[in-house]
Amino acid sequence: MDLHEYQAAEIFGRYGIPVNRGIVARTPEEARQAAEQLGGRVVVKAQVHAGGRGKAGGIRLANDPAEAEAAASQILGMEIRGRTVRKVLVAPAVAFDREYYLGVVLDRDARRIVVMASSAGGVDIEEVARERPEAVVREHADPFLGFLDYQARRLAFRLGIEPDLVRGFAAIARQLYQVYVDCDASLAEINPLVLTRDRTWMALDSKMVLDDNGLFRHPDLADLRDTEEEDPLEREARLAGISFVRLDGTVGCIVNGAGLSMATMDAIKLYGGEPANFLDIGGGASAQRVAAALRIVVADPNVRSILVNIFGGITRGDVVAQGLLEALREVDVRVPIVIRLVGTRQEEGRRLLEDAGFTVVDTMEEAAERAVAAAKSQ
Amino acid sequence: MAILVDESTRLLVQGITGREGSFHTQQMIEYGTRVVAGVTPGAGGREVHGVPVFDTVAEAVAATQPNVSFVAVPAPFAPDAILEAADAGIPLIVCITEGIPVLEMVRVYHAVRARGVRLLGPNCPGLISPGKAKVGIMPGFIHTPGPVGIVSRSGTLTYEVVWALTRAGIGQSTAVGIGGDPVIGTSFVDVLEMFQHDPETQAIVLIGEIGGADEEAAAEYIRRSVTKPVVGFIAGRTAPPGRRMGHAGAIISGGRGTAAEKIAAFEAAGVPVAERPAQVAELVRQVLERR
Amino acid sequence: MDLHEYQAAEIFGRYGIPVNRGIVARTPEEARQAAEQLGGRVVVKAQVHAGGRGKAGGIRLANDPAEAEAAASQILGMEIRGRTVRKVLVAPAVAFDREYYLGVVLDRDARRIVVMASSAGGVDIEEVARERPEAVVREHADPFLGFLDYQARRLAFRLGIEPDLVRGFAAIARQLYQVYVDCDASLAEINPLVLTRDRTWMALDSKMVLDDNGLFRHPDLADLRDTEEEDPLEREARLAGISFVRLDGTVGCIVNGAGLSMATMDAIKLYGGEPANFLDIGGGASAQRVAAALRIVVADPNVRSILVNIFGGITRGDVVAQGLLEALREVDVRVPIVIRLVGTRQEEGRRLLEDAGFTVVDTMEEAAERAVAAAKSQ
Amino acid sequence: MAILVDESTRLLVQGITGREGSFHTQQMIEYGTRVVAGVTPGAGGREVHGVPVFDTVAEAVAATQPNVSFVAVPAPFAPDAILEAADAGIPLIVCITEGIPVLEMVRVYHAVRARGVRLLGPNCPGLISPGKAKVGIMPGFIHTPGPVGIVSRSGTLTYEVVWALTRAGIGQSTAVGIGGDPVIGTSFVDVLEMFQHDPETQAIVLIGEIGGADEEAAAEYIRRSVTKPVVGFIAGRTAPPGRRMGHAGAIISGGRGTAAEKIAAFEAAGVPVAERPAQVAELVRQVLERR
């Protein structure tokens, strides 16, 4: 789950990280008031779950409240990578000498948390890591002892930070690590971490992504979800326990299992079609889940045909078929459906579906081929 | 022979009185797995499908000497259950639980390794040595004994491949689902090494997907250390970058972990990669015939 | 550092442990008011850093406020193992069915924290452990993962606690472990932990000892020290960084190093004397430390002679001697002093001391023999 | 030969710019120890007594390849310093710091062991192989090379015994102060094992004190595995139970850890126990003559 910059900054601040405190505004008028309250020059920043907001014009400097209001009216309502900006953060403009990057993330290969830092802050760190790997320094936290003080200092020394600034930098690195661990984050990032003109450290932009699996033990963090910004279909899917990603194609997919879902999408592409979505209903195949999945898929106006691919496995084929029929009765589906079903007693299941007038096929490949053909003939 | 589980497996089920635990206990018994004990704190003294239930793993171990544990407890309690089994010295722990916070798994992964114990999963379908023992949630009927070892990050996709092999008349030595989470106990490389040393396994199928670099590490390992033929499949060729595809692991980030990279790595290691699950069976037949 | 029962109970309560909350009283009148406020039967318990307060009559039941006042007037001012009772805790009397013991301590041999429990609560657990070791169950916490839930449950199951009570017992065990770790304790103990008539768990007595070395990172806990109850000489020693234990003999000891101090005491005994104290001035031998040590030792009216045993080691003998002379000028010492000094340039040191009229000897044995003889001849 | 430190020792001093670190660096250099580097964060580039100072242990290791580290930093920072040295792969770490919270040491003890590194201390005087190298705070002049290995929980009491030996014309192979804290990196048994295998050591002196059960464990180990003669000394025969005698470790609790128990254990293992420190020299002479 993504957090907004202002939410991440609030949490970082609680851990002692010096953040550039700002005020959230939902209207140009509120932005003007915020700028008045802060005084001086401000930055107005789009609060939206999409990268590249800077390049998209979502960050503007304002010299006075009137400019802040104008900036906010330009940013609010803007579309950035398909997301509508509904909030801006108004924060003091900070004069600084240097920009650093500081981030905490899981290193899957090492099965350890890694703290990364770079003196090339303020830019895309993945690009820096690719092009000048030596510009990014890393320390792996011990799985049991955590991220130790000497490691935090070593990051600073390796970046050439002056002795009098090392302690402050190391403290922030350790605080960011602690935020990451305490919140079950999958990313905690300060970019840029700046050295201001008066030689103090300040986090100018804060970013945090949470591990969805950890939310059950952080109800306070779960409450930070911005349901307003969430795609309504993705929201429905989430609440139904379905993994759903909307794509651009015309063949809607309903599959059980993430790997099989991806393989199904690949098969659609292989037979010349384009998947309209990734959709994994998870283990089992209950009628309610399938019905929810159908509702989500048919809500996409681009969908021209639907491929249902259920590898029932232990669940009896006739039970899965009955669930499917129940769901199909419940949802008004106006595009052709191709069903592929495997499970114990799958023949009984096929018969039930065919008797109800549905196309049932034996293999995933055949299903993909037919669904693509159906989408093209629509 | 087979790897990890066979006729000598003595299974403990943790969470045996739960819905999942009870259902799969029955399924595993029906398949022929010897389930010797179950654990549910507070349910000690009961029986589930004829299996005695204990309050603690230590008691279950003392009374029934299990050598594999199947952990089917909800995510908030699963790390504790894994560690209880590891501390009791059970050498193989199979955890099917999904939704365990990844940072919990970082600690558990290293703790389990330090104890010299093998963990499979979490969020995995388990494993099966057809005709010998099933310690997992996969449908037994799609499998048949034979010479092909299977290792996969996926659940139903593995069933798909197994089903294709079985229908093509090609049996399996052991099929291992390692799980799709970012931090899992057993990697592709671990299982490849076991298959390489298993005399019954004559060919290996590796089913990967986008995200992470485990497939690349596997390809490198195959190039260096695996002499048996390997056939690959990678799901997610068409997945767009930056979006998470169901599995916590299945995400392409920073241009790393794409299907194209993984397929290239396999091909560089001499591993043919199937385009469709069903094609795996054809490729396996070819490599087996060539031997 | 020892905490009082009421202080430990307050901390345990913060961690969610159900403690029997009481009110501290310093006068019989306050005890009566406390009993009125609580209502019903109460227990009045001496708050003093000494074991065996029950046997000494420091715990009394009172049926009403008047009885509480009477009990308090009997307990306050009482001497228990050399300590004067200055405070009592007035707490509700609780009816219970069973008494358990629950404690957390360091197992030195295993270099791990151990959680211990017994169904023989309410009595001296060390006695239980000696006489019926099987009645005490133990779980070692993992040095990195801590005390796990399954271990807490296992303690309960091994004590035969019924399934519906296991969760509550396990929660208290884990909370007590957490208190121990978070506070740098060397002992955290609930004895008894009772199962009340209405089947809930309650900590009836709370005990906690803190690791002095950990106090620097817990200023709030360091403030809990009861300086009022502390022996004034032990207090002076503590503030001067001196390890001091008052004993019953007549030969005062001033030594550098704990092992050498004990060996010096042993030597005094071997030559027929009795040490008046254990006193370790620590590494080095600064004039201030020695002066403080002298003040502490001469303040004991039982002291008939003083043995100063300094193995200066790296510190030059003449420097140590000058420090000693400085200290001896500062403190009015009216009993004979025997000095033994070793260090680089020890001859120069000896000469300085002898010139000032002090007895200086070569070996520790000789020093002990002389100091014992001097004490006896006084 | 000797144990742990000798002419091949290349010493790193952590906290070299501090009062203690700087003083003892000078003392150790004067004794002849090869001090190759120091570490103080932020002091990189400086020199202390001619020794180059680095910001991090990793840098010091890369530049000067030390094989022993001497940790002389204040208690709040000492655990971090020990772990920094351990993570940098320095195989022997000697920590003289006193006042480290014991629960910190529980974690550090197990972390250091897991890294295969030996820690001596904390709160110990260090160790010396007379005439070869001194890595500690003991006065060098009281020592002389010879055949007696010494291991002790105490500081000045050890000097007392060494001084008695030297004056009696008996030299020492290595004198090791393991420290008096409740949790220390190296135990009596560890050092006894090393002396047993050191060809130069012909007799061993063990100086214990009340509290804990380390002396009892040592006696048991001697009985089973030490063929060289051992002489013991136990401080605290007259200490009353329940009171802490300076060292965090020196406390008799629950009737365990008394001097009487420890002396009995030694005598049962055939180890003569001296009544006075000076008597140790006499007993050592006897056991050496008997050989």
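Just so it is clear, A, B, C and D label the chains in written order, and each chain counts residues from 1 on its own.
Heads up, the rule we're going with is that contacts are C-beta pairs under 8 Å (C-beta built on N, C-alpha and C of every residue); 3 or more make two chains touch, one makes a residue touch a chain.
All values reported here derive from a predicted model rather than from experimental measurement.
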{"item": "Shortest chain-hopping distance from subunit B out to subunit C", "value": "1"}
{"item": "Selected interface, A-D versus C-D, where C-beta contact pairs are more numerous", "value": "C-D"}
{"item": "CA centroid of subunit B to CA centroid of subunit D, Å", "value": "49"}
{"item": "Whole-Å gap separating subunit C and subunit D, where each centre is the average of the chain's CA atoms", "value": "28"}
{"item": "For subunit A paired with subunit C, centre-to-centre distance based on mean C-alpha positions, whole Å", "value": "55"}
{"item": "Per-residue overlap in subunit A, given as positions that touch at least 2 other chains", "value": "144-145"}
{"item": "Residues of subunit D touching at least two other chains", "value": "107, 111"}
{"item": "Graph class of chain-chain contacts, one of line, ring, star, complete, other", "value": "other"}
{"item": "Set of all touching chain pairs, with the criterion as stated earlier", "value": "A-B, A-C, A-D, B-C, C-D"}
{"item": "Residues of subunit A that touch subunit D when the two form their complex", "value": "142, 144-145, 148-150, 153-154, 157, 163-164, 166"}
{"item": "Of subunit A, residues touching subunit B in the complex", "value": "106, 108-109, 111-113, 126, 129-130, 143-144, 181, 184, 186, 211-214, 216-217, 243, 245, 247, 255-263, 265-270, 275, 278, 280, 283, 311-314, 342-344, 363-365"}
{"item": "Subunit A residues touching subunit C - in the complex, by the definition given at the top", "value": "144-145"}
{"item": "Subunit C partner contacts - residues on subunit B that touch it in the complex", "value": "41-44, 55-59, 77, 80-81, 83-84, 87, 107, 111"}
{"item": "Subunit D to subunit C touching residues, read off their complex", "value": "27, 75-76, 98-103, 106-107, 109-111, 137-139, 141-142, 152-160, 163, 180, 182-183, 207, 209-210, 212-214, 217, 233, 235-240, 243-250, 253-255, 275-278"}
